[in-house]
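Have a look at this one.
Note that the chains take the letters A, B, C, D, E and F in the order they are written out, and that residue 1 is the start of every chain.
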Amino acid sequence: MGKKGGQVLITEEGLRHDGRRPDELRQVRMEVDVLENADGSALVEFGGTKVLAAVYGPREPIQKYIVLPDKAVLRVRYHMAPFSTSERKSPAPSRREVELSKVIREALESVVLSDLYPRTVIDVFIEVLQADGGTRTTGLTAASLALADAGIPLRALVGAVAVGKIGGTLVLDIDEVEDNYAEADMPVGAAPDIGLVTLFQINGVMTKEEVAKGLDMALNAIERIVEMEKEVLRSKYARVGEV
Amino acid sequence: MGKKGGQVLITEEGLRHDGRRPDELRQVRMEVDVLENADGSALVEFGGTKVLAAVYGPREPIQKYIVLPDKAVLRVRYHMAPFSTSERKSPAPSRREVELSKVIREALESVVLSDLYPRTVIDVFIEVLQADGGTRTTGLTAASLALADAGIPLRALVGAVAVGKIGGTLVLDIDEVEDNYAEADMPVGAAPDIGLVTLFQINGVMTKEEVAKGLDMALNAIERIVEMEKEVLRSKYARVGEV
Amino acid sequence: MGKKGGQVLITEEGLRHDGRRPDELRQVRMEVDVLENADGSALVEFGGTKVLAAVYGPREPIQKYIVLPDKAVLRVRYHMAPFSTSERKSPAPSRREVELSKVIREALESVVLSDLYPRTVIDVFIEVLQADGGTRTTGLTAASLALADAGIPLRALVGAVAVGKIGGTLVLDIDEVEDNYAEADMPVGAAPDIGLVTLFQINGVMTKEEVAKGLDMALNAIERIVEMEKEVLRSKYARVGEV
Amino acid sequence: MSTTPFKIPIVPSIKRETYLNLYSRGLRLDNRDLYTPRRVEIETGVVEKANGSALVSLGNTKVMAGVKIEVGTPFRDTPDQGVLTVHAEFVPLASPTFEPGPPDENAIELARVVDRSLREVGAVDLSSLVIREGEKVWIVWVDLYILDHDGNLFDASMLAAMAALKTASLPDYEEYETGEIEVLRDKSQGPLKVDHTVVTVTTAKIGNYIIVDPTLDEEAISDARMVVAVDEQGRIVGLQKTGPHGYTREELERVLNISLSASKVYFKSLEEALARQG
Amino acid sequence: MSTTPFKIPIVPSIKRETYLNLYSRGLRLDNRDLYTPRRVEIETGVVEKANGSALVSLGNTKVMAGVKIEVGTPFRDTPDQGVLTVHAEFVPLASPTFEPGPPDENAIELARVVDRSLREVGAVDLSSLVIREGEKVWIVWVDLYILDHDGNLFDASMLAAMAALKTASLPDYEEYETGEIEVLRDKSQGPLKVDHTVVTVTTAKIGNYIIVDPTLDEEAISDARMVVAVDEQGRIVGLQKTGPHGYTREELERVLNISLSASKVYFKSLEEALARQG
Amino acid sequence: MSTTPFKIPIVPSIKRETYLNLYSRGLRLDNRDLYTPRRVEIETGVVEKANGSALVSLGNTKVMAGVKIEVGTPFRDTPDQGVLTVHAEFVPLASPTFEPGPPDENAIELARVVDRSLREVGAVDLSSLVIREGEKVWIVWVDLYILDHDGNLFDASMLAAMAALKTASLPDYEEYETGEIEVLRDKSQGPLKVDHTVVTVTTAKIGNYIIVDPTLDEEAISDARMVVAVDEQGRIVGLQKTGPHGYTREELERVLNISLSASKVYFKSLEEALARQG
C-alpha cells in the first residue's frame, strides 16, 4: 500500500509522509504586487513549491506581425530557475517547459477578456523558484493572481491543484516525494465562478471512477484556493484604498 | 575486380550484387498526387530508395522581404526522415542536407518558369523516407513530378540518376552497398527535352573518358526516366479527365 | 619572483622572458587599406598577436528596425579565427568574444562622430588571426585605424595596450606566456588627443597604487601607439596624394 | 514562450453555424455520426530499414511512424531499463501552415502525450531491453512523421506508433572483448516485447457538442479538445486537454464515456491490421 | 556582434538637467548623497533545495542567487581544483525590456565580471573541492536571477552571490566500487570553504559627477559606469568600465577612491546579514 | 531550406552585353584571355601557431587557410585512420554581403567540395595519423577563412588548403601511463604526410562562353559554374556544378578540357611557392 524504496507514503492511519490527510492541501501562501517593474505580480507557495509570476501588458509587441485585429495575444512562459530542482537545471527551455507553457496559456485563454485589447499582447512570465511537486498548478494560480493584480479584466479567477493516486488511494496536492511513487498524477485547473475546468491532464493509470472522484477532490480544493486569491486581492485593494 | 569486405560487387559474368547488368536501373516506381494538402506531390522509388516530394505555391511568403520583383523565389528542402537510414538520423539538418538542398534547387531553377509569378515563392519539400543510395537523384525526380503535378509551368521535366565506378566498371543507378565500395559516384540530373544537364557532381576519382562514358549512360537512362514521368502525369490527367 | 612552472619570467637583471624591459612594447607593426572590399581596413601586430579589422559603412542595415533617428548605430564583432589559438577554437562565438565585442564597441562609441550619420550603421569586424596575448587591445587599435581608413570622422584616434603584474612587477604589453602567470592583467584603451580612457578592465589583484602606476605606463605607451597610427595614416594619404 | 496562434485564418461564424446545425441532427459534413472516427487504414512494414514502421491514414490525415532500435546508455536512476523516446516532426509537406525548423509547441505536445501514454502503462517492456545493466541498453526511438494534416494528429500518431512498435523486431548484436557492442542490423533477436496496447481518442468540443475524431475544419471551429489514452483493459492511461477553452464538470464525464466507447473502433482497426500483417 | 542599444527610449535632456542640478547640491532624487548606496536587504536560505541561496534588494533592484554543487570533471589544466561557474539570467519578469532567450551581452558581461572577481582572488577555495584528482571534483554553480531591475545589477548580484556562497554547504557523497559517485543531497559535509569576501562598487559618471549605486533612471542618463571589485583587505580584485563614454585620468583616481570607500557599506551589510543568519 | 538568392542586386543587362562583347574578341576586362586564371600569390607559414598555414591571393580574392592538428577519436567504421575535417568561414570583413553567423549554404558547399576532393583521392595519408588504433588518432582541421571576396572562392580556397597541408608538420606527443595523450605543440614529429596534390579549376558559363577563374562581377552575370578538382596525375578527383543554369552535353566536354588544361597553371603556382618555402 504505497510503500516503495523504503518510504512509507501512506500510514496505517491513512496519513501521508508529511502528516497530511488524503484531502489536505499543503500550507498555501499567496502574495501579490511583489515586484516593482511588472504591471502585476504574485508569489504563490504550496508547501516547498515556490512560484513567481509577473504580467506585462496589454502592450505593443516589438514584433508587430504577431498581433491580432480582434483581440489581445496572450504569451505565457513557464520557466524553472536553475537552482529550483534537485539537480541543477540548464536554463535553456526544455521540452517539458515548452509543453507546460502551452498548457498554462490555454488554461488562461478563456478567462482573460482579451477582446478588450485588440492589437496588443499580454505577457505572463512564470518562474519556478523552488520545485517540490505541483509547479504547473502553482504557476497557473500565480498567473491568475498576477493578471488580476495587473488590472487585466478577467471572466473569473483560476485556481489549480493536482490529485495523485498512491497505492490506490487518491490524495490531494501531491509533493515531489509522492509524485515519484504515484501511479498517477492529475493536475486540474478551474475557474469555479464560471464552472469551467481549463487545465486537465492525467499522467498515469486511472479508472473512470477514480478520475471522477479525483475531479471532485480537486474542484473542491480549487474553490478554497480561489477564495484565498480573492482574499489576497481584496486586502491589497483595501491597503491601496487606505493610502 | 570490385571485391571488398567479402562482398562480390560484380560477378565474373558482369552482373551486380543484386543481379542487375551494369547499365540497368533498379525497379522504378512513380506516383503523383499522393498527398491531399500539398498543391502537388509525388512518391518516387528506385529500388529500396523511397522519396516523397510536395510542392506548395506559388504563394505569398510569411517573410515578405524574401520576394523578388521579377520572378518567383524557389525554396527547396531536402530532408531525411530519422528512420530512413541504417543508424537513426537526427532530424536537425546536417551539412550534407544543406548542400543537397542547394544542389537540387539549382537543378530546378532553370526549368521552372518562375518569371510568371513575381513576388511569390514556390516551395519544394523533399522527404527521404528510405535511403538506399541515389536519394538526391530520386529526390530531384520526385520534385520535378510534384512541380508538374502542382500545375507549375515547366520548361521541361527533369530526371536524374547516378552512375558509379566499381572496380573500374561504370554501373548505372548504384545502391547503398555499391556506393560504399565505389571508387566514384557521379549523380546526374537533366532535362532531355531542352538538352540541359542541370545537376552534375563527381565524388571520387575518374578519368575524362570515364566521365564522358558515364554521362552517356546517365543521359540515356534519364530519357527513359523522363518518359516514365510523362506517362505517370498523362495517366493522372486521363484519370482526372474521366471523372 | 615570477617563476612558475620552471619558466623565469623576470630575470635578475629585470628583463622579461623575451628580453624586453618592463616598460617595453613588443615589436608593433601597422598597415592600413589591406583589404579590397571593406571601406576601411587595418592589420596590426603586437609581437605574435595579429589582428585584422575591417569597417563597412555608414550603410543601411538589412534589418531596418535597428537604426536610430539621431545617430549611426555602431556594430562591433570581435572574433577569433579557429587557427589563432593553441588549441583549435570553435568558430561559434564564445561568451568571452561576446563580452569583448561589447567592451571594444563601448571603447569606440565616444570617438566615432556617429551623429553625422543618422539612420545608418557602421560595422566594425575584428578578426584575430593569431593570439599571443593582448588581442583585445590590438583589436581596438586595429579598429581605430580601420575606421580612420574608411574615412569615418573621429573625435580622436584610439590606441590600447595591456599592463600586467608579474611577481609584483608591472610590465607593459604582456604576451600569452606572461599572461598565464600574471597576478593581474589590466587592458587600457585611450584617446590621448582628447584625454579619455575608453577601455579599462582589471582581471586580477592590484593595489590602488599599482593601478595608478600601471595607468601611467599604459597611457604613456598609448601616446606612442597613436603616434604610429597617425604616421601610418599619413603615409597612406601621402601615397594616395602621389598617385 | 507559448503564444496565442496568430497565423490561423479567422473562421467565418457562418461556417461554425453550418456545422452546429448538422450536429444538432446528429450528422457531420462527411456523413459520419458524432461519435465515429473516420476510416482507418494501417499499413505496417513500410520502411524496411526501420526495425518497425507503419503508415496510418485517418481519413485524409496521414502519419508515418518509424521505430529504430540503437544501443545506448540507460538513465542513471533506471540502470535496469531500456529507454523509449518519442519524437514528432511536423514536416512542411504535410500542411501549408507547417514550417521547416525544430519542433514547435504542437509537435512537442504531441510527442510528449504519446510518449507518456506509452510509458505510464508500461506498453513497451523496458526491462527486456537491458544488454549490460547500468551500461548498455537498447534505446527505442519512435519517430512520428506527419505527412498530411487533416485534423486529429494525436489519434493517427498513436495508432502509427502502436502499429510500428507491435511489428518491431529487436536487432541482434555482437559483444567484443573490449565490451564494445556491435548491432547486427540484419539479424533479429525476435519481436520487441510490447505488453500493452494503447490508443488515444480525441474529441472536440464545439458549442455544446462533443464529437469524436475532428477534421482540420472541425478543429478550427472547436473550443477545446480532449485526448484520452485508453489501454486494452479500458483503463485511462493518459489524458490531455488541449485548446483554448474549458469544460464543465458534466462535459468531462460525457467526454470520458464517449472516448472509452470510441476507443473500441481503434482497437479493432489495429487488431485487424496486425492480424493481416501477422 | 555588439550593437549600440537602439530600443532604449531617448532620455529627455530636461531630465538630465534636473539630476545634474540636484547633484550640484550634493543630493539625489531619493534623498541619498552622491556616494551612498541604496538600502541593502539580504535574506539567505531562501531556496532550501539549493546548497546556498540569497535574495538581495538594493533599493528596488532584486536579485536572487542560488548555489548548486554537483559532481563533475575538472578542467584538464587544473586537475587538482574544483570548478566555479557563474551564470546570469535576465528573466523577463524583471523588466519590460528583458526578453526570453539566451543571455545577451549584458547578462554575459555581468556573469563574467562577477565570475572573474571571485576567481582571481580565490574567493572559493577550489583546491578543497577535489574528490579524486583529475577525475571527479565538485562543480559550484552560481546562478544569478534578476527579479526586478532598478539599476546597478552588478553590486546587487555580487552581494547575492557572496551571501549565497558564504552560507552554502558542501553535500556529502558516496563512492561506489565502480568509482561512480552518488551525491547525498540531504547530507552536508560542512560549509563550502570561502576564503575571501568580495563586493563590487558601481559608480556612474554623469557630466562631471561620479555617483555611487545608480538607479535605472540614473543609468539611462549616465555617460559611463565603472564596476570596481574590492576584497575584505581593500585590494582591487577586478574592474570593468562599461557604457559608451570615457574617463579622464583624474576621474579614474576619483572613482577608485570613492569605490574603495563605498565598499565598506556593502561589507557591513553582508556581515550583518550573515551574522543574523549565523 | 535553400532559397533563390534575393539579396543580390540585379545585374544590368548592359553590363552582361559589355562582357559578352569582350569575350567574343577573346578578351576580359582585366586583360586576361578566357582561359587564364588571375595572378596567384601564395605565402605559407603566416600563422606560426597553426601546424600549417597559407595566405592565397587570386587577383583580389584572398583566402587564409590554417591547419590545426589535435588528438581525437577515430570514426567507428575507420578505427585505423585519422580524420580530416574542412571548415569554411565567410567572415563578414570579406564582403558587404557576408553576415556574421553560422556558415550558410555557400560556405558549407565550399567546405564540402574541398573536403571531398581531398578525401576521395586520399590526399592526406590518414593511415599515418593513428596513435592507438580505434582509440586515439590525429584530427586534421583545415579552416578556410575568406578575407576578401572578388570571385572564385573555390580555387583560392583549394590552393590555400593545399599549401597549408603541404607545409604542415605533425606535432609530437607524450603518452602517460593512464593512456592520456598530451600534445607537445612546440615539438614536431616531421611533416604531415600528403600523398597527392589537388587543385580545383572553376569555370563560369556566360552565354556561350566558358571562362576560367571568374571575378565577382563575372560570377554575377554567369549562368552557372563548374568546379573541377584535378590531381597531379591529371585525374578528375571531384566535380561540382553550381549556380542556377544547366549545361549541354557538348559544353560539359569543353569545360572538362579547359579545366584540365588550366589546372597546370595552379600546379605551377603551388610548386613555385612551396619551393620558395623550402
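In the analysis below, a residue touches a chain if its C-beta (ideal position, glycine included) is under 8 Å from a C-beta of that chain, and two chains touch if they have at least 3 such contacts.
Since the structure is predicted, the reported quantities are computational estimates derived from the model, not experimental observations.
Touch-path distance (fewest steps) from chain B to chain F is 1. Here the chain-to-chain distance from chain A to chain D, counted in touching steps, is 1.
Chains making contact with chain A as well as with chain E: none in this assembly. Which listed pair repeats B-F comes down to matching contact pairs by residue number; over half match for A-D among C-F, A-D or A-E. Among the remaining chains, the Cα-based centre furthest from that of chain A is the centre of F. Centroid distances from chain B, each centroid being the mean of CA atoms, peak for E. More contacting C-beta pairs link the chains of C-E than the other of the two pairs C-E and C-F.
Each chain gets one centre point, the mean of its Cα atoms, and the points for chain B and chain D are 31 Å apart.
In whole angstrom, the spacing between the mean C-alpha positions of chain A and chain B is 52. Once the centre of each chain is set as its mean CA position, chain D and chain E turn out to be 48 Å apart. Shared interface positions of chain D, defined as residues touching 2 or more other chains, are 1, 100. Shown for chain A are the residues that touch two or more other chains, namely 77. Here the chains link up into one ring; start at chain B, go to chain F, and the full order comes out as B, F, C, E, A, D. On the side of chain C, the complex with chain F involves touching residues 35-38, 41, 48, 50, 52-54, 56, 59, 62, 77, 79, 81-88, 91-93, 123, 125, 127, 129-132. Here chain F touches chain C in the complex through residues 7, 46-50, 53, 60, 62, 64, 66-68, 70, 87, 89, 91-96, 99-100, 102, 141, 143, 145, 147-150, 185, going by the rule given at the top. By the touch rule above, chain C contacts chain E in their complex via residues 65-68, 70-77, 95-96, 98-99, 101-107, 109-110, 114, 184, 186, 190-191, 194-208, 211-212, 215, 219.
Within the complex, the chain F residues that touch chain B are 1-4, 6, 10, 105-106, 108-109, 111-112, 116, 120-121, 224, 226, 231, 235-249, 252-253, 256-257, 260.
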